[in-house]
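Pasting the structures here.
In what follows, chain A forms one complex with chain B and a second complex with chain C.
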Partner chain A sequence: MAAEYYRLSKDKVAELFERARADYDVVAKTRDANGNLVYGRPVSFDDVAFVDEQPPMSAKAFALPQTETLVRYEQEGDKIRADGSEAPARDVLLFGVNMCDAAAFDIVDRVFKWDYLDDPYLGRRARATQFALACAAVQRDCFCDRISYGEDGVDAVAYELEGAYLVKVRTEKGRALVERYENLFAVEDGDAERSIKTFKEKAGTVKKEPMLESAKPALEKAFEHADWEILASTCIGCGICTYVCPTCHCFDIQDEGGSSRGRRLRTWDHCTGRTFTATAAEQPRDRQYKRYRQRLLHKFWYYPERFGPLLCTGCGRCITYCPVKINIKELVEYFGGLKDTPPGGARHGK
Partner chain B sequence: MATIKEELQAAAKKLFDDDRVDYFVGYAEDYGHTFPAILAKDSDLSRLTFDRKSYNNLANFLPELRGFRVGLICKQCEVRTLNVLAAEGQIERDKLVVVGVPCPAMVDPRKLPQGEADLAALDESYWQEKCRRCPERNTPFADVFVGERVSTPTPAEGWPLLEEVEAMSAEERLAWWREQMSLCIRCYACRLACPLCYCHQCFVEDNKPQWLDKSVGPENNLHYHIIRAIHLAGRCIECQECSRVCPAGIPVDVLNNVLSRDFGERFGYVAGETAETEPALIQYERDDKEDFIL
Partner chain C sequence: MGNNSERLYVPRLARVTAVVEETPTIKTFRLAFEDGPRPDFKCGQFGEFGIFGVGEATFCFASPPDREYVEITVKNVGKVTRAFHNLNEGDVITFRGPYGNSFPYDDFKGKKLLFIGGGIGQAPLRGLLWNCLENRADFEQVDLIYAAREECELVYERELVEFEARDDISVTLALDPVCPGEPIPGWRGRTSFVPPILEEERPSAEGRVVVTCGPPIMIKLVAKSLLEKLDYAPGQVWTTLEMKMKCGLGKCGRCNIGSVYVCKDGPVFNYEQILSFPREF
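Now for the complex of A and B:
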């Protein structure tokens, strides 16, 4: 559908939130017990955090939970009962999700419907509406301005203007949201795209050359580069970068329980870990730097080769939460020929 | 007067020029962060630094560099770690050049003020807890010492967060831990950031038999954390890296602190206190308290 533009007055947002809770399972930014920002279920509108900062954990768990039961089975005498995974009971509204998280779903979808249609994942995606809130300022470590993804996969996105939000509706799901609460939205009659452009210029989120897509040709020649080892050997192999990443989607399938009752489940897994694919055989990459290289090249070479876009939205979480602050953007620039100096100065020079 | 940065860079250069090391492990400053860097002879040393965000316990990189001659920046945290690793036969001391530094105390990343701040000016209330307890700010057995020695303030007593948790009733405490554990994503960064969790295969990685389910949940998560804490009994040197790196903000080290405190109070034992300190679990004194043995 062609994009439609509406205006949502700021004093109507609380009402929108409350009314939406009757129709949707509303997920928004809020704080957990430790004060961390999370995508959760705020108890009231006052608990919603309207901040640009990304929560440590992205929104991907609403399509791909960290642990999900695929089949639960139980045997009693001759009878065997097996239940498949449960579809979500209600429509989910991701309210005020960051653009880098919202846009990630469209990228990850391509994997889950590429040959095999992954019903649990696609089922949750079908029930979710993404109502994004565009950042008014660049956040620490993020680099979305260097990756050319746009608004694909985002149902509606709000840009904060003086006293109101300019809401750009892009999909039928987005339109359904606006139609449901139509008395809260007014049709935007100004030059909306011009206002959005001004907003982005002020926020510093306008795309800047060279885009990281342009690193691919050089990355394809850099697999054996002598500096991978020294630059990526500080990687400790935890899964933080992949677990906080909105686009990393590798998983493991495990069985728990015994012969008469148990479950088959799917859990997140990560290529940077020592036991990745150990269920099938073994981790084929024997050194940590090779595991790190795999993550980077999957995002900036292998994935775009097959599916088109980069497997990255530049949210910067993998830098912020990395225990050793490995910077994927800097490494892509270095190995991708966009920059001559290695991050931190480490090089082998052999 | 040369700054600590300049002195460090000169010291690293000299180690390479004199062919004393293959790698120099320190902290680099770039893209707004201070982070560990492994540098080789041809690396650009101009980013080397040592500041109040030099968090990582650099001893954690020694296994990766086994077999090489390594220059390692050692603050008190690394010193105690090296003592434990040496007692456990894990390092080749003759291949290690200990580069001593005066430690300015690290700023707790969770207490960092928003925006630009003069890190050097931040007082004790901004420090990591370990720094308030630190017994010696200057590396005691440095092969090379860089910078001016600093005085060490009287170490703080007690374990504030542990005492807070212990003041709870058993029910409250269980609820608190359950809540903390429900936030854990089992990335195992606490284990991997720990220089004393050096097992090639951790029990959580075994799959024949599989000791721990891979699914996340408060019980599985707590199971992991308790076993890790016990594996570090009498070994943890309280560098707090486990808590610092936790993306969920779980104060993981509270579990380790219980054991550290008990070793101190019951046996007068401090892990890695000196280069001669033997591993706690192979020591025995006739008057060791046994009242906790069932």
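Now for the complex of A and C:
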């Protein structure tokens, strides 16, 4: 559908939130008991955190939970019953989600819907509406200005203007949201795209060349580059980059329970860990730098080759939370031929 | 494409109807599907076979697709395979599949086929080999080289004896040389790794297709011999790749080699394809 533009007065946001809670399972940024920012379920509108700051954990768990039940099984006499997981009971509204997290759904959807349709994932995706809030300032370590996704994956996005939000509606789900509470939204009559451009310029989120997509041709020639071993060997394989990543989606399947009753679970897994590809017979990625290389190349070469977009929204979490300060953006720039010198501080081997 | 099945991860259930102890560490399980017709698979495809409470593992179909039964052959090497080895007749296992591509049987027609198996690697070749023998007129020649580390590690021994008695397939059996050059007492076959056999026999590349599966090191050295010393084109050498898999559906990201999903684009590849992958393994 063609984009539509509305204006949402700031004094209407609380009413929107409260009314939406009657119709949706509303998820928004809020603080947990320890004061940490999370995507959670605020008790009231006052608990919603209207901040640009990203929660350490992205919103991906609302499509791909950290752990979910794929199958429940139970022995009945000499028969075993096996049932699938239950579809979500309510529509979910991701209210004020960061653009980088909303955009990630559109990217990850491609793997869950190519060929076989992944029913647990797609069932949740079908019930979810992404109502994003555009960042008014660049966040720590983020580099979304270097990746060419725009508003893909976002059903509606709010840009904060003086006294009101300019709401851009991109999809039928976004339109359904606005139509449901139409008395809260006024049709925007100004030059909306121009306002958005001004907003992004002020926020510093305008795209900047060279885009990281352009690293791919050089990455394709850099698989055997000697510097992988030097620059990626610091990786300790903890996997935090993959857990906080909105686009990392690799998973494990494990059973929990006994032979007569239990669950078959899907859990997040990560390619930087030693056991990811290890079989009883061999370990194909036998060095840590090879496992890190897999993660980087999957995001910037393999995935785009197969599915189109980069498997990255530039949220920067993997940089922020890496305990050994590996900077994926700088490594992509280096191995992707966009910069001649390796990331600062790292000793260059030859 | 949209290969929609309502519940992708909910397995079918199958009952073990026979267990054959192939070697001290390898067993073949015959399975019957009680919840409907048995899966309709092609040679080279695989499934996710599991035991509730233990988990799933990836096994290729080891029986020909035109049999009433389904068989898998399992080596006891890890958690799931150990649980399989504890199964008895009547026990229930879980199954998802069939998944993956298959051997291009029709493209092989009219050709000379050379099967090269190593150890448990004979399992993915077995169905195809039987199919070829049953339609022997479709092929100019069928040869088998089958190698194992020790005599007790040869699987399908009863079938090997049957093959050896037939005149429409030549069979070369080989065991790893313990002491180079020294025969193993009582052993009817050769004592050699596979590449020296190839380089001695020099099966001509003309009109021939090689289908090999075995330990990764054997596959690599066999391919090296064929491509570098016997002038085979990479497209004439076929194998089935073993990568750790979980979903089998092109989702979980585990079996990726470059942009290839071994579970979807494979597991059957020829060397022309394999040489185009990032040199990861």
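We adopt the following convention: the second predicted complex is superposed on the first by the 335 of 350 C-alpha atoms of A that agree within 3 Å, B and C clash if a C-alpha of one lies under 4 Å from a C-alpha of the other, contacts with A are read in each partner's own complex, and residues count from 1 in each chain.
The rule is simple: a residue touches a chain if its C-beta (ideal position, glycine included) is under 8 Å from a C-beta of that chain, and two chains touch if they have at least 3 such contacts.
No experiment lies behind these values; they were computed from the predicted model shown.
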{"item": "Touching partner for A:E330 - first (chain B), second (chain C), both, neither", "value": "first"}
{"item": "Partner chain(s) touched by A:W301 [first = chain B, second = chain C, both, neither]", "value": "second"}
{"item": "Partner chain(s) touched by A:D115 [first = chain B, second = chain C, both, neither]", "value": "second"}
{"item": "First, second, both or neither for A:D252, with chain B first and chain C second", "value": "both"}
{"item": "First, second, both or neither for A:A278, with chain B first and chain C second", "value": "both"}
{"item": "Partner chain(s) touched by A:A82 [first = chain B, second = chain C, both, neither]", "value": "second"}
{"item": "Chain B versus chain C as contact partner of A:T30, first or second or both or neither", "value": "neither"}
{"item": "Contacts of A:N98 with chain B and chain C, given as first, second, both or neither", "value": "neither"}
{"item": "Which of chain B and chain C A:Q54 touches, first, second, both or neither", "value": "neither"}
{"item": "On chain A, positions contacted by chain B and by chain C", "value": "252, 254, 278-279"}
{"item": "Parts of chain A lying in touch with chain B, wherever the complex brings them together", "value": "32-36, 56-57, 66-67, 140-141, 230, 233-234, 236-240, 243-244, 252, 254, 256, 265, 267, 273-275, 278-279, 288, 319, 321, 323-327, 330, 341-350"}
{"item": "Chain C to chain A touching residues, read off their complex", "value": "1-11, 13, 50-56, 77-78, 81, 92, 94, 215-216, 242-244, 246-247, 249-254, 256, 258-259, 264, 278-281"}
{"item": "Complex contacts: residues of chain B adjacent to chain A", "value": "28, 30-48, 56, 60-61, 64, 179-180, 183, 185, 187-189, 191-193, 201, 205, 207, 213-217, 241, 244-245, 247-250"}
{"item": "Contact footprint of chain C on chain A as seen in their complex", "value": "70-71, 73, 80, 82-85, 111-112, 114-120, 223-224, 249-255, 257-260, 262, 264, 266, 269, 271, 276-282, 284-285, 290, 294, 297-298, 301-303, 305-306"}
